[in-house]
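Once you scroll down, you'll see the structures, which are given as structure tokens.
You will see two complexes here that share chain A, one where it goes with chain B and one where it goes with chain C.
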Partner chain A sequence: MNPRPGFVLEVDKSTPPILFHHGEGFRLERLPAGRSRVIYAGEPLKALKDPDGAIRDALEHPVDKEPLRALLFPGMKLTIAFDDISLPLPQMRRPDIRQRVIEAVLDLAAEAGVDDVHLIAALALHRRMTESELRHAVGDRVYDAFAPDGLLYNFDAEDRDNLAFLGETEKGEEVEISKRAAESDLVVYVNINLVSMDGGHKSTATGLASYRSLRHHHNVHTMQHSNSFMDQEHSALHSANWRMGKVIRDAGVKVFQIETTVNNNVFGTEGPMSVLQKREWEWTARDRASFLAMSKGLKHMPSKAKRSVFNGWRAPMGMTGVHAGEIEAVHRLTTADVYRQQLVPVEGQTDILTMGLPYICPYNVNSVMNPILVMCLGLGYFFNMYKGRPLVREGGVLIMSHPTPWEFHPVHHPSYIDFFEQVLAETTDPVEIEKTFEQGFAEDEWYRHLYRTSYAYHGVHPFYMWYWGSHALKHLGATIIVGGDTRAVRRLGFKPASTLQDALEMASDVVGRDATITHFHNPPILMADVS
Partner chain B sequence: MARSPLVTRSRGNGGRKPTAIASSWLKRQSFPLTAPTTPETVEPVERPGKVGADYDTDWARRTPARIARLALVEGVMRPAAAVLAQPDRRGGDRLADVDGPVIFTPNHHSHLDTPLMLTSIPEPWRHQLFVGAGADYFFTNRVTSALSALTIGAIPVERRKVTRRSADQAAELIDAGWSMLIFPEGGRSPDGWGQPFRGGAAYLSLRCGVPVVPVHLQGTGRILRKGAKLPTPSSTTVTFGDPLRPEDGEDSRRFAARIEDAVAALADETATNWYEARTRAHRRANPTLAGPEVARWRRAWAADATRAKRRRTGRWPL
Partner chain C sequence: MKALVFERDVPRFAAAKVAGGLLPGRGVRVGPLQLDDVDPPELPGPDWVVVRPRLAGICGSDLATIDGASSRYFEPIVSFPFVPGHEVVGELDDGTRVVLEPVLGCVTRGINPVCGACARGDLGNCERIAFGHLEPGLQTGFCCDTGGGWSTFMVAHRSQLHEVPDAMSDEAAVMVEPAACAVHAALAAHAGPQDTVVVLGAGTLGLLTVAALRRWSPPAQLLATAKHPDQQALARALGAGRVVEPGAVRRAVRRLAGTLAISRGEDEGDIERLTGGADVVVDCVGSAESLADALAVVRPRGRVVVAGMPGQVSIDLTGLWHREIELVGAYTYGTETLPGGERRRTFDLAFELAAAADLGRLVSATYPLRRYREAIEHAATAGARGAVKVAFDLRDEKERNP
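Here is the complex of A and B:
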């Protein structure tokens, strides 16, 4: 049977309570009939039957580029860069797509007799990946062949001696990337395109870039002019990366781009988690029993144990497409594959947008979802999952469900703690924050040290998370968090509510009593095409 | 002092066991207590054999036997393998896209290889698996036959003469969804080096249309080599390779050679690393399993080199 596409459900009196993710837990909420609707993601597309064969075929028949085999020769400098731990979400079951692609690339390199190979986790200002995370991404075979000799490593955006300045765009944006990549005869970039923002020139221009480069597009102005940053035709972030990509290309850096897409099979079609990707009225007795056991069990578990359970989940997602060759041509095909899975047509905007935030976002894999990341996931990622117009009208209300604990991972997010305690205590205005505080955090020697030698996100990273939500902050009339830690929610500048009914009451003060409601039923990931 | 009746009886039989006495008595009897002899002018009646290649192992694949085997594999073999072999299992991810039965073809150095494989083969193949075992070694009498069939799920394979029965039985089981474990060398290594791969696994793959998974076992020869009485604990590596399918027009002999090359490449991968092994594989320069073609003592010397080195580095206080 063909997978069913995503759709919009009009809520009536017989609609069952709707699933809201709530961090490492769940809520079932009844939405008001007659004025509510729910947007459901499409069912998982069929995965490629022979992913390894498809990868080999893409390498032999690339788009607008010679076959990879023809670009490899003995004595060359080959650099393989790959996406970091932030993709895909959650981590996928072994073998990871990056492993499949990298093994196929290296097999051709071995055939051509290439000896000088470096593999770089393109993490920009994200935290370094641990050995087990790298092993999961590239596989034990690749790890054991290269890491012991220091040839497989995390990118270091603060290693001044190993960065190369390549020039400026026509808008004066500086481009500085990994020296090894810049001086290689060929860079092969291995991407997993989870959402339409990923991939393209962003892979190299962001993944292998330093703060000097990133600050030109990771800022409030760019984010507020990206409507949305998931929509390439209306994204200032996308345009900036494309301008930088041109500088990289003109500097003589040869990039062979390999992009892959995955389906929506996040929780599987069997087992207790599968209920989370079914539509509520289709839950069987077994699904209901699983859900009850899971949600009741989670309620009684300490938060560390709950995180451990969820972080241990590996999604059985399958590969739906692989394209290789020239960056822009490849990315057009990849974006079409992403849209094929995620795009759901939606008619008109809503007054109130509701969403249940899950346990994971790109920046807390194997970590803690702190309040800043809650804001980033809701107002940054989920709010921006639209094409055309935002799902919620200007001046509307966003209601998010998440426990929002006042809790931080001390190793991964040290600068977040200070950002939350010092910066947000003074102001939540992104423009003011950027002007007053960013440079101090970005150039702080202690944060630099932790980023380079420990597993900490860069000092400036929490600022970027806040900027990620700046378009939503400007657009919305109010933001309410249901079931969150009251103090933490207030520190974020949002309003806390105990229940969804309370939140809807509070929202009516802003948008009136008969306001329309739309629930964004995510995950699995979907993108609204709002007409 | 009075003697006990037991002591008196024991002395009267010369200290022999009751079973030996009974066996000896039976041999002295004649027909009809023993089997009749056939007149020379009459064709002898062919009676179906009960052991060897004719042993019927169907019972060992029924549910009670499978449950017993599961308990043995998980409750006895797994802890024993963990203690004796400390296995490092690699390459299981290479089977991610395989659906249905397969034929596993490891190299063979030790009696430990079978339990190690039975505990290393990933699900869903592990518990619907049969083992091709030498009829002349594992199925010589009813007791060893039953034990082999029950504990490792063995079926008898004729090694010394050409027969269709073993192949037919294996093919039937594969067609019914069972995976097979077979050691294509036909027996354990006599000197620590590999022996040429026979064509049985390749033939079955061609006949049944199922892939062959090459596997390399490293280190089991150090633990319990052929001829050794007691095991010596050591570390081992089990490396699964990419599934292989026969190419168009490839016969079982050439396919068997390709399987052997794949196991040799896995051996190289274990000894060095994946990229170096792939580089040599493309140049067809992976060291062979058979070892150097030099005098016997030099082969033994070369095979022993790794072991000697490991011994030295591990000894206190050095």
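Here is the complex of A and C:
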């Protein structure tokens, strides 16, 4: 049976309570009948039956480029860059797609007699990946063959000696990337394109770039002019990366792009988590029982234990496509694959947008979802999962459900703590924040040290999280968080509510009593195509 | 006369220690402090006068005594039974309003010649506070011969009295003594105009120290810690450039000083101590935690001024040794040397500060003597309840206005 596409459910009196993710927990909420609708993701697309065969085929028959084996020769410098821990979400079951692709690339390189190979986790200003995370991504065989000799490593955007300045775009944007990549005869970039923003020129122009480069598009102006940043045709972020990509290409850097897509089989079809992937009115008695048991169990678990349970989850997602070759041509095909899984047509905007935020976002894998990341996931990622127009009208209200604890991972997010305690205590205005505080954090010696030697996100990273939500901040009339830590929610500049009903009541002050409501039922990931 | 009297009563003292350990201020319910009818103190000599208290503040040291938390260090320098109350604005028989400078130095004790400290004007450092014709007592309010402010009648040596200007309210005047302590602590910081100074704690002493630093020795950067929102707002209003919660002080000072940090164990984001840090830290709390914070955030060869009464605390002093930190105490007042070199009496500076910074607004609540338990419990939880200074109001006591 073909998977059913995503769709929009009009809520009536017979509609059962709707699932809201709530961090490491869940809420079941009744939405008002007659004025509410729920957007559901499509069911998981069928995974490729022979992913390794598909990968080999893509390498042999690339798009607008010679086959990979023709680009490989003895004595060459080959750099394989790959997406970091932020993709996919959650981490997928072994073997990770990156492992499959990298092994295929390395087989060809070995056949061609290439022996100068570096593998780089293209993490830009994200935290370094740990050994176990790298092993998970590339597989033990690759790790053991390269890491002990220092040939598999995390990119270091603060290693001045190993960065190369390649020039400026026509808009004056500086392009500075990994010197090893810039000086290689060939860069093979291995992507997992979880959402439509991923991949393309952004892979190299962002993943292997320094702060000097990134600040030209990771800023408030760019994010406020990316409507949305998930929609390539209307994304200033996308345009900037494309301009930079051309500078990289004109500088003589050859990139062989490999992009892969996955289906949204996040919770599987078996086991207690599978209920999270079903539509509520299709829940069987067994589903309901298993959901209740899971919810109750989680309620009584200490938060560390809950986090550990969720962080241990490996998604059974399958590969739905792989394309290789010239960056732009590949990316067009990949984007179509992403849309095939995620795009759901939605008619018109809503007054109130509701969403339940799950336990994970790109920046808290094996970590803590701190309040800044709650903001980023809701107002950055989920709000921007649209094409056409935002799901919620200008001046409308966003209601998010998440516990929003005043809690930070001290190793991963040290500058986030200071951002939250110092910067947000003074202002939540992204423009003011950027002007007054960004440089100090970006150039802070201690953050730099922790980024380079520990597992900390770069000092400037929390700013980017805030900018990610700046389009939504400008667009929305109010943001309400249900079930969050009151102090933390207020520090974010949002309003706390104990229940969804309270939140809807509060929202009525902004958008009136008969406001329309749309629930963004995510995850599994979906993207709204709003007409 | 009516007075709150603190007796030497070991079982009650022990009970207060237990109760106070459970809830701040609870020592007042079971401890040695009682409201009594007692004989008024006699004038100890010719230069002594009767003072009728109008307002008398409740100080942190009073609370520590009531809760059985003060150090045994004080035993030889107090005399029982005593009437507490050393933050006093009162009036003389001729109606003159006065503020009491409570230290009982050589002059008050009839010692002549006076000790070296008293000769220099450093009254707080008097070497004879357990000698002379008075019973031991470091201050009025801890000496059985003088009475104290928590009563309707006390005695004071003329050298202890400062006339209150007509324009100054009783509320502002009762803040003069704690303000003098703060001025002394602020000037003991020896902060320069380019320095970064941290004030730990935003109770009365912390807030007044912020105000005193801002007025008499403003540094380039002044950061204060404050637990409660009202304290945070007041610290800002009185001159702190930045205010953070106590748990955030290490991170905040690190950012302010632009220094590196050292972490312990795997949690590399959790700061153990800074490698550089603030030039001066004034600890207005005096707990083991605040002292540890002070040593963690002060720079090598920096200065830590302990202004809050510490008692017996356990603390690792390795950093003090390794980083060559200067640790100094700041107790009461005497004569100060201002940054320009001018010498002034601390109380004169405190009067100026009380007027200029409108310190009367910090008196948050007053109680009659009969409600002393409520008053003490209120004072012991002042910060959490949005209060700063809690005082006894003696102006309407029946005995005083027959």
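Observations on the model:
Keep this in mind: the second predicted complex is superposed on the first by the 531 of 531 C-alpha atoms of A that agree within 3 Å, B and C clash if a C-alpha of one lies under 4 Å from a C-alpha of the other, contacts with A are read in each partner's own complex, and residues count from 1 in each chain.
Methods note: a residue touches a chain if its C-beta (ideal position, glycine included) is under 8 Å from a C-beta of that chain, and two chains touch if they have at least 3 such contacts.
No experiment lies behind these values; they were computed from the predicted model shown.
By the document's definition of touching, of the two partners only chain C reaches A:H409; chain B does not. By the touch criterion defined above, A:A456 reaches chain C but does not reach chain B. When the two structures are aligned on the shared chain, A:P95 is found in touch with chain B, with no touch to chain C. In the superposed model, A:P496 lies in contact with neither chain B nor chain C. Applying the stated contact rule after C-alpha superposition, one finds that A:L106 touches chain B and leaves chain C untouched. By the touch criterion stated above, A:E421 is placed in contact with chain C alone, chain B being left untouched. Shared-chain residue A:D140: touches chain B; no touch with chain C.
Once both structures are placed on chain A, no chain A residue is touched by chain B and, in the other complex, by chain C. Listed in rising order, the residues of chain B touching chain A in the complex are 90-91, 93-94, 96-97, 269, 273-276, 278-279, 281-282. Interface residues of chain A facing chain C in the complex, by the touch rule stated above, are 408-414, 417-418, 421-422, 440, 444-446, 449-450, 454-456. If you check the complex, the residues on chain C that touch chain A are 242, 244-245, 248, 251-252, 254-255, 258-261, 266-270. Taken together, the chain A residues at the contact with chain B in this complex read 50-52, 93-95, 99, 106-107, 110-111, 113, 117, 139-142, 144-146.
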